[in-house]
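A, B, C and D label the chains in the order they appear, each numbered from 1.
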């Protein structure tokens, strides 16, 4: 089998997705997600001009060689654009291989290691009482694990919280909005939120929380300590992650489990976090972390050091990545949990998929390959529209961390 | 002063260059190089779609705020495409500021710290005797420091060595060529090359050598040790650089000075190399390392830890980066050496510049700002043409390191 | 432009200040503060005899070269007298450069990174109730952050607390007074003070506290832990700072943020504190830390390691340093907070300045350079008068730490 | 006994010396050297204005309390000016105490631990053959250990080497001269020098060499390795010493013993060098390292870690320090060697002393106290004259290390 051609499809059904389609001379094609939230067109161009021409004629079964060709063989390595492009190629090749062998992808990754994939959902409230309503609503939907976020008293707009009755997407159309952030207001409020949630719903449900990288290391250490009585499943992205050593400080002060990695792009972004056991859950995604080939190696390293996976799974990843993650989650030993933020119905229509949700668990399905298709006619009706995450500034105007 | 608009110009006068032009409402404009060898269009797209629209209306003097806006303010950080785009913006803003204040850029970076910038050139031979001829030729040109490379007996084509009488460019038009590499042939030959060069030219000339990341750490340690009698100024890029700790092994075995970093994109790619003093020279470039704002911080870190700069300066960087580097080299205290590979005359015509070479030294010149212009009419005659560095495979076919 | 001459002016309008004036052949002059509390004349002599003669004829734009000339070029480095003298020269040169280019100094340091500079003030009470009154009074003045100190029951005289109705200056005229200190009385009292302040004023105001180096590491660890419920913005100078490793013990036990450095004189006094992330805020001042050139390098190091600035800003620094700090604070990314202890009106009259305070923030102003002048006629009326900080002894007579 | 008064005498018999005289109410006085080469008047002023007034009335036997009063009791610690002033006070008090008890000082420091003090001398030649002559001349004078320095071919003026037939002083009258330095020329030449000296004089004489801080860590590592065949007693001051960690690199590569510390001012400048055993000999002097009280503690730390003393003893220290060092060397266990550069006869006349040299050894003598006097009438004839060490620049004009 040989790669005959490849195409990049950019569409925006409520939000932007970049999809790579690799065609083979035997008619089998594979899909890869190449969506990089807010940097979509740079990846599309990277694939179209700099990768696809070099793919033609290669054997799609050579997943390792092709991965190394674009990583070690290239002068430029690492970074979000590069690794997202490599991931899209890699996932599409695994999709082709599994389809060619007529098995669901998880069979090529080690088979079934569990019955289903434990997922967590998002309960986002505009404030304490609304957040409690949202937790309640998601418990009713069967979720066993819930990430709780809330508007912060005194902060006008908190990322990830929509106005009541609306849904939020991790990106807003147009240029980046600028929001104001106050760490001290946040730190004063959040422990009260979890105290209230635990008082209301007890300790049988898993609660998670995402700090969105906003804290300095010592603030994160304080937060972890303050949150201990509420037994978080994890605190996510407590602070900037470029300097892996900075997690030592957090880790010294708290037993609240730590999850990081949704913005990581290779094992070199987390090798110290893992080998020093500074984290408990790795969130690096298949689409941004170099694909299945590279993430398998990273998950294998994590297994040795007692770190489990907890992949990012917001709607900024297309159903192609969601499917790839579920196959991966099903197969590896050190799976922990999977984020689940359901796509809009239109997105599911454009990317029809075999995976399903039931009672707090998800299942990749038994279709060959990833089990995801692409309705190109429908996709074509929703062309790319510029959309971005907001930029945060402190109250004095200083640009602050994502 | 406000930013009114910005444009990206891609041209290919013998090789591809991506140039950012930022225009202000007061008529002053600034130039930034955004060339990422072999990934040019991804950066161009990144700038056009994802950065320029957010630049309009900002004060170009706010170099720090704008840098942080695109780095800390953004979800996606680091990596070659991202940091090259940020660098292009940053350099163009510094060009504007220095022009607005009517001083050459180095004055804003601390003034003159030396009389001129020591540079090294390339002597690349097809084999031992041709390399010796090339060294001789460059000594005649006044160079005080010469990087010596050579074709390796038994390897058909060695990167960086053109056929006799031709020049080499770090990229060849068309898709990536695949070359064969043999570390053992290389390691057996290169010490003999330097023995011959020292026997012929003595010890008063500085000799450098570039390993192009091809060695494993223990091979690099052996190479450094073998090269000690020939007193290399440095051994460059001895091996893969993603894992900074791997330089401990090299460093333990040899006092041959080490230079790395031309593929680094932020301080986080080298913080351990610097603070553990595993290297002697940092080669991260202004264009790929986030611009002047970020490289100043990195150079300041390096100064504390006795690491000096030795910026990459091959023709894969446009004259805009060459000028920025020379101003930077002139001003900082811990300058070491600057690579100098002259551009083709056509490139110099398209980018007329104030910097000059004389007797082994370069000088940024006294024009306000960077002192570089862009002849857009001429540039327009040379549109982008696909060109890539080769991919290396071992003799058994394994993809090998860049 | 060339340096034509330089003079040192020592005056004592309520307290001593040493000011360096550098004159150029183009009529532009620059001011540098050289005040070293209680060691004023040693610095004045150092400048007059050992530095000024070597300055004449140099180009004032060469800030880096002149800094290195007096630091690396000299046999004697580091230490308070040396680094204060170098700082005075450096600040005066930056003042000249910014004036020559007709921009406020912050523009040369990266432009505006925020709208204004968050400052903290001093509320010093003779005891608990007086301290609470003082906190209240400063809240009314608009401050968002307040350092709270108090007389300690059982200790006759606590440094930094004036008798009721009087102001304190960090120095008393005449020879050093000797005071008695009791760590155990202090440790028993201060947490109660903060409990009372939080009960009265809630958690929306930032509270800081200065330990004036009086604690051993394990005592500081205890203090930090005891203070956690009161959410200090920071604990300052918990213990002796010569041995950077000693902060590991403090850091292991508490998440109370730590600020140190007002007596530091170079990056080598804090490189380990920063790279091991043992502190959160660096207080090394521009005047005692080698000036803008050296502090920029140190702040850049701190940025990488998530350490922010919190410069010392008591009245023992002249308005020249206050202005330099505000420009610096405005420009760098990793600014945290700035100390603000207003000078006596007479001091402001002798040093007329562009900087202002409003509603908890300060602003450097838009005058070219530092924006500070010196009224020499008025200064001449207030000649130097010996004044010192007190020396502390334990209750058994042992000399104790500053 | 009480301190009645103290005076500072600055004189310049061929070179500048600062001497502190402390008078007691019982007529006994003590001498302390306060000479800080090229920064003399700053220390003189520091003592006169900031220390002496606080000394009056204290008991001169309270050496520990008075030391702590000026160190821990003061806000400003460390650094050359501060610690030289404290040292002068401390040495003068020890002189008083020993005189009051009618014993030579060494008796108060532990008595005699050896018969005499092994010293090394300076053989400085303008080039290879002159250096060999100088070695020969010093062997004839009975020296068992010789520091060999030489003019470097291709460097116009090398520090520490006088024109033939003249003596050199570590300082030249007038403002600092600027010299040119080339590390590569130096590194190419010095091993040849020692090869020649060993060929001529064999291995029975101790040979030392001083690098004057000119090398980077990796260059120092190379130098140490290159020098191994010539069995140096030590390599001195191989590089910058502010960053103690940088000696790890040197230490990893060579067994050439290392001596550092003549510019150190407290134990905090060398605590890591000692506890990590990165050096073999500590050169911190009594006059610049806080006096006998502080240096005893430092030597005691060094003893634990197998580091021996090798005090700086050039003519930039007055005979008062030479005497103090010889008493110290006689008494402590971990004495290694003592530098001996004889003063000009006029200096010995102004400071008549009990110490003597014979056959490669020195002896402190048996006079009470330090055994040094001060001829004030004669001293008064030689007032202070400005004199400085040169400043070094690299061949490209960059300021280089002292």
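Everything that follows uses one rule, which is that a contact is a pair of C-beta atoms (placed from the backbone, for glycine too) under 8 Å apart; a residue touches a chain by one contact, two chains touch by 3 or more.
On a predicted model such as this, the values are computed, not experimentally measured, just so you know.
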{"item": "Interface residue overlap between copies chain A and chain C, same or different (over half shared)", "value": "different"}
{"item": "Pair from C-D, B-C or A-C with over half of its contact pairs in common with A-B", "value": "C-D"}
{"item": "Chain located farthest away, centre of chain D as origin (C-alpha)", "value": "A"}
{"item": "CA centroid of chain C to CA centroid of chain D, Å", "value": "34"}
{"item": "Inter-chain centre distance, chain B versus chain D - centres from mean C-alpha coordinates, in Å", "value": "45"}
{"item": "Centroid spacing, where centroids are CA-atom means, of chain B and chain C in whole angstrom", "value": "41"}
{"item": "Residue numbers of chain A (touch at least two other chains)", "value": "240, 243, 399"}
{"item": "Chain-level touch network, classified as line, ring, star, complete or other", "value": "other"}
{"item": "Which chain pairs touch, all of them", "value": "A-B, A-C, B-C, B-D, C-D"}
{"item": "Residues of chain C that touch chain A when the two form their complex", "value": "113-118, 203-204, 206, 228, 231, 251-252, 255, 257-258, 277, 280, 304-306, 308, 333, 335, 361"}
{"item": "For the chain B and chain C complex, residues of the former touching the latter", "value": "59, 61-65, 68, 72, 97, 101-103, 107-113, 267-268, 271, 275, 293, 296-297, 300-301, 303-304, 331-333"}
{"item": "For the chain D and chain B complex, residues of the former touching the latter", "value": "154, 184, 187-188, 216-219, 221-222, 225, 239-240, 243, 245-246, 248-249, 252-253, 394, 396-399"}
{"item": "Parts of chain B lying in touch with chain A, wherever the complex brings them together", "value": "36-39, 41-46, 49-50, 53-54, 65, 68-69, 72-83, 175-176, 240, 242-243, 263, 265-266, 268, 271, 386, 389, 391-392, 398-402"}
